[in-house]
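Next up, some structures in structure tokens.
In the two assemblies presented below, chain A is common to both, partnered first by chain B and then by chain C.
Let's look at the complex of A and B:
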């Protein structure tokens, strides 16, 4: 019931907005944003972009209130959703900790007639969401693989994996698929947990084990930094480049400055939370269909386009 | 090394204990042979030096943990503490700015000082609060970790001045007469630790409260002071480990030092220190830390272990190594 009433209200608001711009200002909408707390670089970036976008949206659309809540784990995120619904939100933008734990809590919010936008990690029941904004992990692996195929053409590559998860699996399988039929050979793979120290350790061992490595797929910018330090210490000249991923500002800066070892990067932008928030606001303030799935491309960052990916104020 | 046990032992028993003290070293030799068989590159000087250098952080922290555990305590907060100390040290260096040895010295002082302060906090809450060390240090583990995440806003704390970075870099990557500085650092820490634990009355007090707190109390051992001091020593060791850690990557992240507490405790136990307290082996601990790092190294160098199974094989090797040690002790 409430849902229909809300939609009617929203529709009325839209018409009002179309006829007289001044009336649009009287519309009051609250968007709740629930995201993981900053526990590592990428989620740190999510928190930063969510807060920046909240400010920007409130300025753009008078009458819009954006409430950002961060949670350290899945259970607390479920509680945070309760708190948000208590504040009578019209829409919820949620980046769930994990699909299993949060599907039901988000469904509860949905039952109250709230508009639901899910980001990055999907829920078990996709019918809950009105909008889904997703990163593209298979594409992330493919773009990286294509870069090796095009730029290295042939040679030996070592691969760094993150933490054993679906995300990691999708990236690595598609990376290897993209290499098929080229002269580029993956000679070794190892988990380094998206962690600098672990990547440093594993790279030292790879250097001891393999006398000739032509390039490294770090698959993550944090790991790339550890790898670079190990290569520098080993004084190895055979490695032509290291390809990271995610788009950490330090690495994008290096690409921008034309660092020979870091000629490119692959984006997996934490700013996708901003995309989700803008589209959700559009649902209430723009006269356009918004429901649907938005897949954010994993893009190759090179010297030419690096400045579009550079956020010097972000912690990530 | 036999000083830590009661002198009443007969000749045969004495030999027994020597065997126990030696067993980590025997396990180390067996592992080195296994490594050499798996991959000939394992025995190159550069690989072995890399591995031993890498074990420096855990070895130094574990020397401190030897005191805490020998005294019947436990410190789960060392990994988080390490991250916090690294974060504050880098922020201090960034704040001071101008590159020079004076700046470095101040940063180092801040690191060791903060480590000692964190240890003091742990120690005081355990002793004056009369709370189980497991709970206290689990609490401070969360506190230290959150503080570093908060300071980094979830991102990275990086040493910004590149000149300062280059000035500091040799502390991890440099060497004296071919021996990397981190190795010298943990040898020095272990030597001082051994001296304190085996040759001072404080060291004997630690062992005494670890084996029987009540008896120690009736014998006039100042329980609270000794116990608090063990946690302070642990904190100082974390500080020293960080002095060697920061020059390596020049940054601290929210994942810095994750699970180091478990590695330190494992190193201590592999080294022959009793987890229930009352027995401490500093040199065994250092060997334990090297063994842990060696196992990981051998896993990467081997060609037949799938990357999915590395953890399982690593766990199995550690358990087998402990079983071999036990059987050596029983066989005598």
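Let's look at the complex of A and C:
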């Protein structure tokens, strides 16, 4: 049976030119992918894109098996790494819940000779990773700040921060730097943990404190949804727009549809997990140096290019 | 005939699972690759790897056509871009001869809506590129410096620089920073243009000037060859080793064979052109965000890992 299939495939290859190369260099490789479960919007997108890319890469590279495991917290993720290791993976693509709980477990996987790709949140010891794929957080802040400078030109802005982290610091510092020399003034900023409900409450406070707000840098699409709800309930007409960040499909749809309150967004794509899986496959199938750091651009999403960022089938 | 081929391919796919996906999503894409001709060792490696990867990517992605064009100088490369544009390329992968002559021509290609990947040497306006793939020059210097600190521990070292450029500056600054706190002393440094003959002459000067040299940072494999010849002709026995850089196959072979004068090398792989071509193909076939900056690690090549860096069929 196997012989027949191979002969048929070879015959087809002679005519169609599709399969001969693949058969000639077939190589068995297993890539394990360990990611947070869909506990909130962005990680929901990560799960969706990881699963889609697993299917796609297995089609592209005969001999490649991709095993995706999701975990609800850091401790479970450490256990999931043991399970993946038991399946004799050649490479691990990991988006760690956090650096503290995952650094040692990932290092244990590394010590078995496994190729390691880390995504988004770094480990405490960067020498563990062979590849690092991340968003561009300084640029994320810069692109957003430039949007306010170019489009609001002057006025009062309130700023939402996420969780106190290096990422958050890089974003906010570069946002403020990009505003320099403009008439845009940051009149207040607060942490709201990249969380919709927290952002709702913080926005209610801002509305009570500040009689005149011209625009909001939500800096995150989940937070933007909470902020929009607070503005709606507060019946405030002074706010011209809210700029989020990430590229949630509902927000991208609003941009695409010309919604005045959501005129733009800044990308920080959960599909960077797909980029990481693709370059990790490259380590085995591309015959090219792949060890290094791949920083994915933060891009301004506007009506003109929104369709490139819209994934209607993704949960995020 | 075409009908028969497709039916056979589909039948084979049912058994072997190889072709159905590829047929379902076939997409016609042309990638143009513009690189310097094999005017010296490293660019010879670039040409070899570009051609190998073109074949490989065309096998992996049915519907993909890759056109590789080599040019002997900057002006010819600008013309080559016109030729590629006439072939209606969807993406351009370009390793520019220099920034001055190529920035405007590449920008013209960009204006037609072509996706642009720049490799190694940056353009004067980085906003032209969608992807930038480069070696890690600060790390190249750091890895080399650490090798002297760990292995020579103390002694007199002479340093070869390339051509006065940002790349060269980053390498040398980080080399010297890595030596801090060690007994390794840089007693002389000179430019030798990443050129074998120039390095031969500079090394003759160094030998005449300095009665005691413990080791040489050639910083480049081509220069290392000139330096070795000067040492041989000068019959000097004081020099313990020469550390080059790039990963030229003759040097990697010496490392692999345990040559005492060439105990290690630092990678700066011409195969980064292959990485660039691979991620550019990803823009069309991987459904993942690829726009960004990919910095390839500079790695220490030793007897233990040299086989991973050895390409016997490459001219470099």
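Everything that follows uses one rule, which is that the second predicted complex is superposed on the first by the 291 of 316 C-alpha atoms of A that agree within 3 Å, B and C clash if a C-alpha of one lies under 4 Å from a C-alpha of the other, contacts with A are read in each partner's own complex, and residues count from 1 in each chain.
Going forward, a residue touches a chain if its C-beta (ideal position, glycine included) is under 8 Å from a C-beta of that chain, and two chains touch if they have at least 3 such contacts.
This is a predicted model, so every value here is computed, not measured.
K.L.:
Examine A:250 and indicate which partner it touches, taking first as chain B and second as chain C; both and neither are also allowed.
P.N.:
Once the two structures are laid over each other on A, A:250 reaches chain B alone.
K.L.:
Please indicate which partner A:271 is in contact with in the superposed arrangement: first for chain B, second for chain C, both, or neither.
P.N.:
Touch partner of A:271: chain C, not chain B.
K.L.:
Given the superposition on chain A, which partner contacts more residues in chain A: chain B or chain C?
P.N.:
C
K.L.:
So, A:62: does it touch chain B (first), chain C (second), both, or neither?
P.N.:
second
K.L.:
Quick check on the superposed pair: does A:40 touch chain B, chain C, both, or neither? Answer first, second, both or neither.
P.N.:
first
K.L.:
Go through chain A and flag every residue that touches chain B in one model and chain C in the other.
P.N.:
Residues common to the chain A contacts of chain C and of chain B do not exist here, since the sets are disjoint.
K.L.:
Help me check something: in the complex, which residues belonging to chain B touch chain A?
P.N.:
The touching residues are 39, 41-42, 44, 46-47, 50, 54, 149, 152-156, 158, 173, 248-249, 251, 253-256, 258, 296-297, 300-301, 307-308, 310.
K.L.:
Mind pulling up the chain C residues that touch chain A in the complex?
P.N.:
1, 4-6, 8-13, 15-23, 49, 52-53, 56, 59-62, 136, 267, 269, 271-272, 274-275, 277-279, 282, 285-297, 299
K.L.:
Show which residues of chain A lie in contact with chain B when the two form their complex.
P.N.:
These residues of chain A touch chain B: 37-41, 43-45, 47-48, 161, 164, 189-191, 193-197, 200-202, 204-206, 208-209, 222, 225-226, 229, 233-234, 248, 250, 314-316.
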